[in-house]
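Below, subunit A partners subunit B and then partners subunit C, in two separate complexes.
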Partner chain A sequence: MSRRSELASPASANQKQAEMSAVVTSSPAAAAAAAPTKQRRRRVERKPRVAIAITAIFFVLLYLPIAVVVLFSFNSQKSLTVFKGFSFRWYDEFFHDHDMIASLGMSLKVSAVAMVGAIVIGVALALGMVRARSWLGSYAGFIMLIPLITPEIVTGVASQLLFKGFYIHLSTTTVIVAEITFSISYVTVILRSRVAALNPELEEAAMDLGATRWQALRLVTLPALMPAILASAVLIFALVFDDFVLAYFTTGVTPEPLSVRIYSQIRNGVRPSINAVGTLMLVGSIGLIALALVIPRFFGRKGGLDILSGE
Partner chain B sequence: MTAIDAATLSPSAAADCPAVRLDRVSKSFGAPRSAAGNGFAVRDVSLDIAAGEFFSLLGPSGCGKTTSLRMIGGFADPTEGSILLDGRDVTGLPPNQRNVNTVFQSYAVFDHLTVADNVAFGLKRQGVARGEIRKRVGAMLDLVQMGAMADRRPRTLSGGQRQRVALARALVCRPRVLLLDEPLGALDLKLRRAMQVELKQIQREVGITFIFVTHDQDEALTMSDRVAVMNGGVVEQCGTPEDVYERPASTFVASFMGTSNLMDGVYRDGSVAITGGPTIAVGDRGLRAGCAVSVSVRPEKIWLSEHEPQMVRIPGTVAETVYSGPTTTYLIEIAPGVTVSALEQNTDRSRNEERWVNGARVELGWRPEHCLVLESAPADQSSLVAA
Partner chain C sequence: MWNWLALPGTLWMSAFFLLSLALVLLLSFGTTDNNFNPHFGTSLANVKALVDDAYLKVGLRSLVYAALTAVICLVVAYPVAYAIALYGGRFKNALIAAIVVPFFANYLVRMFGWSVLLGDDGPILKAGRKLGLPASFHILNTNTGVILGLVYGFIVFMVLPLYAALERMDVSLIEAGRDLYGGPLRTFLTVTVPATRQGALAGLVLVFLPAVGDFVSAQLMGGPDQYMIGNLIQQKFFEGNNQPLGSALTMVLMLVLLVGMIGYLRRARKDEQDAVR
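On to the complex of A and B.
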C-alpha cells in the first residue's frame, strides 16, 4: 500500500526507487507510474545551458587572477600589466633574495610545528570529547566551534594583547602558539565525527586480546583514524602556511613569515618577484592536495579524500 | 584470599571448579539499587559452566544475555555478585587480565592489518616468540580454512570470511573460555547453517569452553550442550536442549522455544477447561483444583490420522493450511476463536491434500505425556517481568 502511494506522487519519489518498484510490482498502478518516470528522466538528462554558463563564469572568476599571477611570473619585463616575453628572471631574483628565502623557511617551520602541535592536541581533544561521559563533552564541543566563527582579525588582536599583557616577547614561538590555538578547532571538528563513527568493539577487541588501554589506542584506534588525521594535517599545514592575519599580529622581527614579508614588500611597491613567489606557493599547495588524494590509497581505500570529512 | 591463591596455584583444585561461575550477578544501569527495581539488565543470575562445554545464552533482545557475556569478558562490571573463572574471582579485572577471548558481533576485525597480523595480534601482546607466532597463526588459519587468505586485507573479505578471521584471532590465544556474541547474526541462512556445524566441530577439536549468545532458538538447540533461556534479566531455565524444548519450566520458555500452542485454562480433577474451548484430559498433575494453568502441545506432537488407543482426542475443523516444503502446518479450530497448529510430514502429501482441505473435520490426537501443564504466573509477578 505504501509503495503504491509513493508511486502516485512521483515528484516526491526517488526516481531509482520508483523504477525498481515498477519492475517488482506489475500492478496497473505501477505501470501507469512508469511512463512519467521516463519523461522526467529525459528532462533531467538534458544539459541546462544556464547551469553551464554559471559554472564557466564561476571558474573564470576563481582562476583568472591566479592565471595572471602565473603568467606574469614569467614576464621578461618589470611591467605588471604588459607581457613582453618569457623568462625566469623573477624566479632567479627570488632565489637570490636571502630575506625572502629566510621568510619561506620560517613559514615552513611555523607550519610544520603548528601542524604537529595542533594534531596532537586536536586528536586528544576529539577522543576526549566523544568519550567523556559527562555533560562537559558536549559543552566543549560547542566552545570548540567559536574559534572557527570568530573573525580572524579579532583573534589576531586578542593574541597580541594577551602576549603583551603577560610581557611575552613576540617571536617565532608566539606565532606558533597562536597558530596552534587557531588550528585545534579544525582538527577536532574533522576528527570528532570519525571518532564517534568508530566501532567501539575495535578497542574492546584489542583489550580482549591482551592489549592495555594505551596499546589499544596506539595499535588500533589511531591507525583506524589515520586517514582523517593525515587529511587534517594537510589542511592545517596549508591553512597555517598562507595565514597572514594571525602571523602579522603575533610575529617578532626577522625573519617574518612569508605572507607578512610579501605584505610589507607590497607597501613599498610591488615587485614582479612576488608573482614568482605566488606561483611557487600555488605549486606547493597543489602538491599537498595531490598528496592528500594519494594518501588514502596506501590504506586500501577507494576514491579520493574529502578533506572535511576525512573519509 | 588464601583460598583463592590455592585455587589458582594448584591445577587439581582448578579442575574441580566450573570453568565459569556467575554467582548471584546483577547489573543495573543508572542509579544502582534503585527503589523501583527496574533499570536492571541482569538480575541475580547464577550459572555454572563446565570446562569444555558448549553453553548458549538464549533470549529475545534486551533479555540481558549480551550484558552477561560482557561481564564475563570484562567489558562491564556487575553491580552485585561475582564472576569466577576456574575458581578465581575476576570481578573488576580488565579484559586484558582475563584468560577469556571474545568473537564480537561486528567481528571487530582490524582493517589496517592483514589477516595474519590480525590473528597474530593477541600472541604479540603475550610476547610469544616470532617463530612460534608464525606457526600458530598458520595452523589456526588452516583450522578455519583461511590459510590461503593470510596476506589479504580484511576489507577485501566477505562477511563469512571476516567472521573466520575473528574466530581464529580469538582461538589462537588458547583462552580458557571463548565468548561468542551472536557471531552468526549477520550471515545469510545457508552460510549460517554451515557455520553452525563448523563452529561445533571446531569447538570439539580445540576443546575450549564456548559461551554462545543468540536469539535464535534453532541455533541454540542444534549447537549447545546446555542452554540458559533468559528473559527480563533473569534465567528462566537452564538445561540441555531437550530439557528446555520438551520440558519448559515456564510459559515464556514454552512460547520462546518454537510454536507451543499455549492455551489458558483452569485445572480441575485431571483435566483442564480451556478458556472458551473444550475440556482436555491431562491426567493427575498434583495441582490444586481451580488453579489457573497454561496447556501446551507442540505442533509436531499432534497426530491428525491413525490415533493410538491411549491418546487424548479433540475434534476440530481445518482453518488454514500452510505448505512449507518438507512439512505442512494445519491451523485447526477446536472451538470458536481457539486454534492450534499441527505439523505433518509431507511423506504422503497428495493424500493429505485431499483429506485435510480447509473446512474439513479432523480429529486431533496426542499422547498424554506430550501435553504440558504449566501453572500460570501470579498476575502481580507477571507484570513485574513485563516491566
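On to the complex of A and C.
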C-alpha cells in the first residue's frame, strides 16, 4: 500500500521527470539512450480504454435507478414511467400520510436507540476483545464475525424464532434488539483495528501519572477512538434506518418501520408517493454515509473508506 | 477490566445470535399443530419434505443464480477496480466512495428504481422496441431480471477486495513484465491476474454469500418462477405458517454457506502457504 502510493504520488513522478530531463540535457548520447525508454514507457502507460469505458458505463448504471426514483418523485402525474411535469404533490402526499409519518417516526426511533445501544456495547466489546488475553477475548472475536457472513434472512428468521420461542410479542423493542445484535458486529469490526493500533503505553503513562485504569480509559483511550466511534455511530444509524430484512422479521404490526412499509407498498400496489419517500431515504442515507466517511477528517485524521471495511 | 468490558457484548451476542441460531436448528426437527403453531420435537418430517423435486429445483436455482451473479460481478468489477486503482490518480478515493456510498442506501428503493426502468412500460424496453426489439421480450419476471438485480445489489463486495488487491500490487511488476517484452495481454495474465487472485476469490465468496440468501431481487425483478430459497423461507414464515419447515430450509441454506466458507478458508490458507514457499 505505502509502496504503491509512493510510486503514484506526484512528488516522486516529478522527481523522475527531473532526473530524466537532467540526463537529457547533460549529454546527447544519454538523450539518445533515453528516447526509446521514453517511448516504451508511453506504451506501457497507455490507458486501457476498454476498462475505462466499462467503468464509465458502470457509474451510469450505478446511479440510473437512483436518478429514476428522484426524477419521478417530482412527476406531476400519477405515471411511474412517463414524466409529465414538475410538482411537489407526492412529497405533499407523503407528509400528509399519517401512517407513513408514523412509520418514519418509528424508523427514526429504532435507529437512534439501536445506534446508542450498539455503540455502547460494541465499543466496550472491541476494547475488551483486543486487550483481554483470555479465552473470552478469542471467543468474542469469533462470535462477532458470524453475523457478518450470515445472510440477513437467516438472522431474521433466527431472531423471530428467538422471540416467539420465549413468547415475547413482536414489537418496537424486538426490532431494536435484533438491530442492536446485528450492529454490534459492525461497530466491533470497525473499532477492533483502531483499538489494536492504539499505543497502550499512553494509558500506562496516564496511570503512572496517577490516573486510575478507568480514568485512563475515559480520558486517554476513548478520546483517541472518538473519530472512529462517531463515524461508526453515523454509519449504524443509516444502516439500521435502511435495513429491511431484520425489521421485517421482527416488527410488530403497527407502526411498521419505514422500509417494511415501503416493501409492502411495492408488493401490493405502488403509489407514486413511494418515489418521494424513496428520494428522502436515499438522500438521507447517502448524506449520512458520506458524513461517516469524512468525520475522521474533522479530527485531522485521514478520512476514508477504511471505516467501512474495518481495515 | 478488559474481560469485564468484553463480557456484556459477548453475552448479548451469545444470547441473541448463537442461541437464536440454535433455536432454528432445533425447530427444523419440530412440528406444527392444527392451528399452525410450531412445536419443538424430534421429527425428521421436515428434512424428508425437503427431499422433493420442487425444493431441490429451487435450491439448485438459488445456487446457479448466486454463482452466475458472482461470476458476472467478477467480470464487470475487474475492469472497474483496475481502472480506478491504476488510473484513478488523485480521484481514486473519491471514485471508490462514489461506488460504496449508494450501496449502503436503501436496497429496496434502488431495486424499485430498476423494476420501473426495466418494466414492460419502462423507458429501456420502450426504446428497444422502437429499435426493433420484439414485443415478447421482457426483462422483469425472467432469470435475467433477477440476476441483474443480484449483480446490482452485491457488486460492491467484488469491487472492494479487487480494488484493495490491485492497489496493493506493485506496479513496477507490470513495468518489469513489459520490460521483458511481454505483450499487454500476456503481462496482464501472468503478472496482474495472479497478484489479484486472492482478492477475486474473496470477492466471489462475498458476493455469493448474500446472493444465495436474497429474496428481494427474485420478488421485485422476478416472480414465482424465479423464486429462490430465501423466498421459500419467507413464505413458510409469513404466508404458509409452517415455521418448522422454514427453519429446516434456513438450516440447509446455512449448511451450504458453511461448506462454501470452509472451502474458501482452506483454499485461502493454501494460497498463503504457497505464497510463503
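The criterion applied here is as follows: the second predicted complex is superposed on the first by the 251 of 311 C-alpha atoms of A that agree within 3 Å, B and C clash if a C-alpha of one lies under 4 Å from a C-alpha of the other, contacts with A are read in each partner's own complex, and residues count from 1 in each chain.
Here is the rule we use: contacts are C-beta pairs under 8 Å (C-beta built on N, C-alpha and C of every residue); 3 or more make two chains touch, one makes a residue touch a chain.
For clarity, every value in this text was computed on a predicted model and none was experimentally measured.
When both complexes are superposed on subunit A, subunit B and subunit C fit side by side without a clash. Once the two complexes are overlaid on the shared chain, A:Ile143 sits against subunit C while remaining clear of subunit B.
Of the two partner chains, subunit B is the only one that A:Ala211 touches; subunit C does not reach it.
Shared-chain residue A:Ser103: touches no atom of subunit B or subunit C. Once the two complexes are overlaid on the shared chain, A:Ala224 sits against subunit B while remaining clear of subunit C.
Once the two complexes are overlaid on the shared chain, A:Leu202 sits against subunit B while remaining clear of subunit C.
Touch criterion met: A:Ile121 reaches subunit C, while subunit B stays clear of it.
In the superposition on chain A, A:Ser111 contacts neither subunit B nor subunit C.
Contacts of A:Ile153 after superposition: subunit C is touched, whereas subunit B is not reached.
A count of residues in subunit A touched by subunit B and by subunit C gives the higher number to C.
Aligning both complexes on chain A leaves subunit B and subunit C separated at their closest CA atoms by 14 Å. Touched by subunit B in one complex and by subunit C in the other are residues 213 of subunit A. Against subunit A, the residues of subunit C that register as touching in their complex are 1-10, 12-14, 16-21, 23-24, 27, 38, 76, 79-80, 82-84, 87, 89-90, 93, 96-102, 104-117, 119, 121-123, 152, 160, 164, 167-172, 174-175, 178-179, 209-210, 212-216, 219-220, 230, 233-234, 237, 243, 246-247, 250, 253-254, 257, 261. Listed in rising order, the residues of subunit B touching subunit A in the complex are 73-75, 94-96, 100-102, 104-106, 108, 110-112, 121-122, 125-126, 153, 155-156, 166, 169-170, 173. Interface of subunit A with subunit C (complex): residues 1, 3-4, 7-8, 10, 40, 43-44, 47-48, 50-52, 54-55, 58-59, 61-69, 72, 80-81, 121-122, 124-125, 127-129, 131-132, 134, 136-137, 139-140, 143-144, 146-147, 149-155, 157-162, 164-165, 177-178, 180-181, 184-185, 188, 213-214, 217, 235, 238-239, 242, 244-245, 249, 259, 262-263, 266-267, 270, 274, 277-278, 281-282, 285-286, 289-290, 293, 304-305, 308-309, 311. Within the complex formed with subunit B, the residues of subunit A that make contact are 199, 201-202, 204-213, 215, 219-220, 223-224, 226, 299-300.
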